[in-house]
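Take a look at these structures.
You will see subunit A twice below: alongside subunit B first, and alongside subunit C after that.
And then the complex of A and B:
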């Protein structure tokens, strides 16, 4: 049963990735200019090189061949070169994507830590002042455009109070060697003499971007949790548990938490896609050197190979994460179908 | 309000370094290859030295890598005595085996001078500064007398020659490094992984993000440089100011004119200003009728009110330009007559030259902000109004900067709002690139104006070293420009730079690029 589900999800993943790779391959032709140039990112090449590349990428054969060579290149890490920097795209993405993941991950963890408990509090206090208060706050947080929120934070904490830096991941005076791309981890495992100062600087730079992402995301998570808790608490088996004489605390722990969480875990996974989109906007405001600001720059400069590879990388990441959270939810509760069952 | 009492970014803690928020990406790290200020800011005075330098305060030529020099009586032979023991940068990609000597000078000059030099074509083979001045044709030979003495022979006397060798563009490269690159067949690395003798050595460059430099520990001149120098590339001027306020930058390039008061108001920031060696002007394409007619050009010049333009665009941070040269130049002519605003007269002159009401012309407005014209587009709109009043319809045209300059070079414009920043204190640096015939070819003569009479005057001025004699010819040239009106000088703008109070020693260099060599952070 479980295995079948995993296989089914896996098939879905493969199929989606296949469609994505076909789409990204089509972009090579859909973007203006020579498809071979769009694919390799090599501009101004002489006739001889052009011939060699034509053969190398199967451009003298059918579209099917070209696609096959394209896929093979993707797996070999040959994603082409960026028009604007002339550097391999695989390297560029390997440098920028971790920065976005890092930012999103911290924001997601914080949002869960804030949103879930508050959701439970509000859910249990349904129709009471606490509930209305939290709900109002969440509507406000949820409705603020994230770039506006970021700018307000900058205005207050950087320009007025002068507490926090407004751009980048770390003071540029520090040169942190790139290993994992996660700056706190890289600092931790580096052998620099100024590790403490570097970590402090990185932390200060993290505060505002993480905060703006967290405010918006925590509001969504809070609302999901609250709704789920209200539903569970009004369900028949919870009512039954009360009638059997269990205390409020016992009911919540035995029937509430787990049953409320299980249906929304896949929804959290989907939030990650929204989160990543928001992160891209936040990156631009805070000059965070992640995939978002990188992609926007690529779009501004009509760097076609970069747009293609960047989109493929981001969408692949989002799909893998969605499938992974889905599987995780299944692991927690194998019988997700139908009504949730009570434990007694 | 509680402002600026603490630095948001004092988290750098133990690290000694200066961060400069610059306005854009350099094209390479070799100033010989580009006249754009962004490239020379990132390389000239940080990575390299020159044989001789301008003193940024007095404008005098002072010794650099040449400890002394001798000019022969006939003005044709220049002998430079070179400093001993000057060390090149030691970096992960290059370890010097010898100190600076005559070979480096010869390599650096021959690279741009000789088209058949092995490094001439590396990185494109364009040396715009030297070619706009025709310097490759002025130098007859560069000879090694001994390891520390070099002799340059000229074909004709050129009194601006020393000034040209002191500009940002006359950087001295390492011949030994070039030789190693040739052996490794990696010649194209020479301009992107630079080696020089300057106070900082290159460490890392990430396009659109930053440039990192480290202190050159064996710098020949002093040991003052900070440990790290970083150029934080920030194209938006408001973002630069914001970073300056939070302390993420110690100094910023080009503060916007609208932001100057904000900087003045803050106790933790300092605004330096200095009259710049520049001129913003409106050039007519004299190769195109009816702009080939001096009478039409004069009429157009009379149709606009320069004072309003200066107030509206420069917000009072510029002075009215009567000629090409700003007041700080020794050849400035104080009694020069300005063209006065006179729309009635302008209309009459236009009618006399057969220009009817409803005549349409275009004004090209450059798409970038420059010290000499912070907002060409807005200026063009103001001028559109003025010209409307004398019955002329104006279309404003703009392209992306590189395309803009290429099309200008092809002479596709009717008129253009652009300007010039000088690279050295010599008046020839204004007169020659802006209006001589040969400057049409190298793309700096925006008026496409070619007058053999003018060229002769400019050439003659260079054959004299005495200021009075040179002035005589420049006065004649000024008269010719005033009569012919190939362009309308509009303003000489001030130059601004903002930095935090705790930064000391950062001077505005009127002769070009920024210098961080002796900047200190308290």
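And then the complex of A and C:
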């Protein structure tokens, strides 16, 4: 049963990725300009090279052949060159994507650590002052445009108080060798003499972007948790547990926590996609060298190869994460699997 | 008027009135509604209220501080920006532009979404299955990301970003409509109409749709808050509306350069977006809990 489900999800994943790759291939033709230039990113090429590239990418054959060569190129890491920097896109994405994932991951962990416990507190105190206070705070946090929130943090903590650095990922004085792309991990495993100072600088640079992402995401997670807890605590089996003479604490531990968490775990997974999008905006504000600021710069400069590759990378990541969290949720709560089968 | 209860008459409110009565019990929700009404009045009457033209540059008044500052003047209530444009007028026009466009987008995407959702909910078979799977995978992707992707393909500009957000909003509306239509179609009153010989068109417009209005309003408020945030975010990132148009996100990114000298250029447009989204969210939350209370009683 589980295996069948995994296979089904895997099929869906492959199918979606196939559609995405076809779409990104179509972009080569949809963008203005010569398709071959859009594909390779090589501008100003002479006739001879052009002929060579035409054969190399199968542009003298059918669309199907071209697509086949395109896919092969994707797997070989030949994603073309960027118009603006002239560097291979695969390398640029390999450098920027981990920075975004790092930022989003820290923010997600922090939001879960803040949002879930507060959600439980508010859910158990339903219709009391604590609940109303937390709910108001969450509505405020959730209505905040994230770019404005980041700007306010910069105005207060960088410009007025001067506590935290304005932008970037680490002070330019440090030169961290690029291995995994996750800066804290890279620093940790490097053998530099100034490890401590570099880690401190990286940490200070992380605080504000993470904080602005966390505030918005924690509010959403808080609301999801609170609603789920309220529904569980008003259900009949919880009332039955009370009538059996269990204390409030026992009811919560035995029936409340697990039943409230199980239905919302897949929703937490979906938050990662939202988080990644918000991270793209925050990156622009803080000049964080992630995929978001890179992609938006590419859109502004009409760097077509970069737009195509960047979108493929981001959407692949989002789809894979969605499927992965979906599977994880089904593993935790096999009851959902049955209904999914019955529906289809 | 005192509410005299002379006759022991039983009061049976219609569902809509009932929802309104429940909604009115929450003072915060009513406050949110007033705030939203204020913004909508600004959208309609903006040009009559604004003291200056939003694009009018006064070369004698660059970066004037707001009126409450010692160096400010009452002529410019909220001060001026780096080109000498009156911030109050720009804010009013900005609300008009941001909220007006968002409202338009929400209405269009709701119409498309409801139509598609009704088709998806009332049909069975391969067609609806394909549509559903496609939509469900799109549901997981945030609207702003879809919008950025579409803007990347179409190119930068206000109209393109409007198309992008409109298309990005549709999947969620379709999904929710489909779920509600499916649930309603199972109910017995629909079956009764079916036995009376009602066609699908009739079933949808006379049986299912009247039971969806409230859900649609809730859905609309959610879509509206997303649309406001997205359109101003795209403006801020330089992908949507372009300067010098008075869009709130664009104003924020323009104000960035002078943020150090006059923080009001950032604080005020940002608060306007924040208040708009807050009002919409509060009204949406109020409506949702009013609906929940009505259905529980």
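The rule is short, and it goes like this: the second predicted complex is superposed on the first by the 336 of 344 C-alpha atoms of A that agree within 3 Å, B and C clash if a C-alpha of one lies under 4 Å from a C-alpha of the other, contacts with A are read in each partner's own complex, and residues count from 1 in each chain.
Assume a contact is a pair of C-beta atoms (placed from the backbone, for glycine too) under 8 Å apart; a residue touches a chain by one contact, two chains touch by 3 or more.
Not measured: the values here are computed from a predicted model.
Undergrad: Is A:14 in contact with subunit B, with subunit C, with both, or with neither (first, second, both, neither)?
TA: neither
Undergrad: Tell me the contact category for A:281 with respect to subunit B and subunit C: first, second, both or neither.
TA: In the superposed model, A:281 contacts subunit C only, not subunit B.
Undergrad: Looking at A:142, would you say it contacts subunit B, subunit C, both, or neither? Reply first, second, both or neither.
TA: Touch partner of A:142: subunit C, not subunit B.
Undergrad: Could you tell me if A:2 is touching subunit B, subunit C, both of them or neither one (first, second, both, neither)?
TA: After superposing on A, A:2 lies clear of both subunit B and subunit C.
Undergrad: Which partner chains sit in contact with A:85 here, subunit B, subunit C, both or neither? Use first/second/both/neither.
TA: first
Undergrad: Which partner, subunit B or subunit C, is in contact with more residues of subunit A?
TA: Comparing subunit B with subunit C, the partner touching more subunit A residues is C.
Undergrad: A:253 contacts which: subunit B (first), subunit C (second), both, neither?
TA: Once the two structures are laid over each other on A, A:253 reaches no partner at all.
Undergrad: Between subunit B (first) and subunit C (second), which, if any, makes contact with A:168: first, second, both or neither?
TA: first
Undergrad: Once chain A of both complexes is superposed, is A:270 in touch with subunit B (first), subunit C (second), both, or neither?
TA: In the superposition, A:270 touches subunit C alone.
Undergrad: Please indicate which partner A:159 is in contact with in the superposed arrangement: first for subunit B, second for subunit C, both, or neither.
TA: both
Undergrad: Do subunit B and subunit C touch any of the same residues on subunit A, and if so, which?
TA: On subunit A, the residues that contact subunit B in one structure and subunit C in the other are 159.
Undergrad: Under the stated contact criterion, what part of subunit A meets subunit C in this complex?
TA: Per the touch definition, subunit A meets subunit C at residues 12, 16, 27, 30-31, 136, 139-140, 142-148, 151-152, 155, 159, 270, 273-274, 276-278, 280-281, 284, 295-296, 298-300, 302, 307, 311, 314-315, 318-319, 322, 344.
Undergrad: For subunit C, which residues count as touching subunit A in their complex?
TA: Where subunit C meets subunit A, its residues are 28, 129, 133, 137, 140-142, 144-145, 148-149, 151-153, 155-156, 225, 229, 232-233, 236-239, 249, 252, 256, 259-260, 263, 266-267, 270, 273-274, 277-278, 280-282, 285.
Undergrad: Help me check something: in the complex, which residues belonging to subunit B touch subunit A?
TA: Answer in residue numbers: 1-9, 11-15, 17, 19, 203-204, 207-210, 212, 228, 230, 232, 234, 239, 242-243, 245-248.
Undergrad: So in the complex, the part of subunit A that touches subunit B is made up of which residues?
TA: Against subunit B, the touching part of subunit A is residues 84-85, 154, 157-168, 171-175, 194, 197, 200-201, 204, 287, 289, 297.
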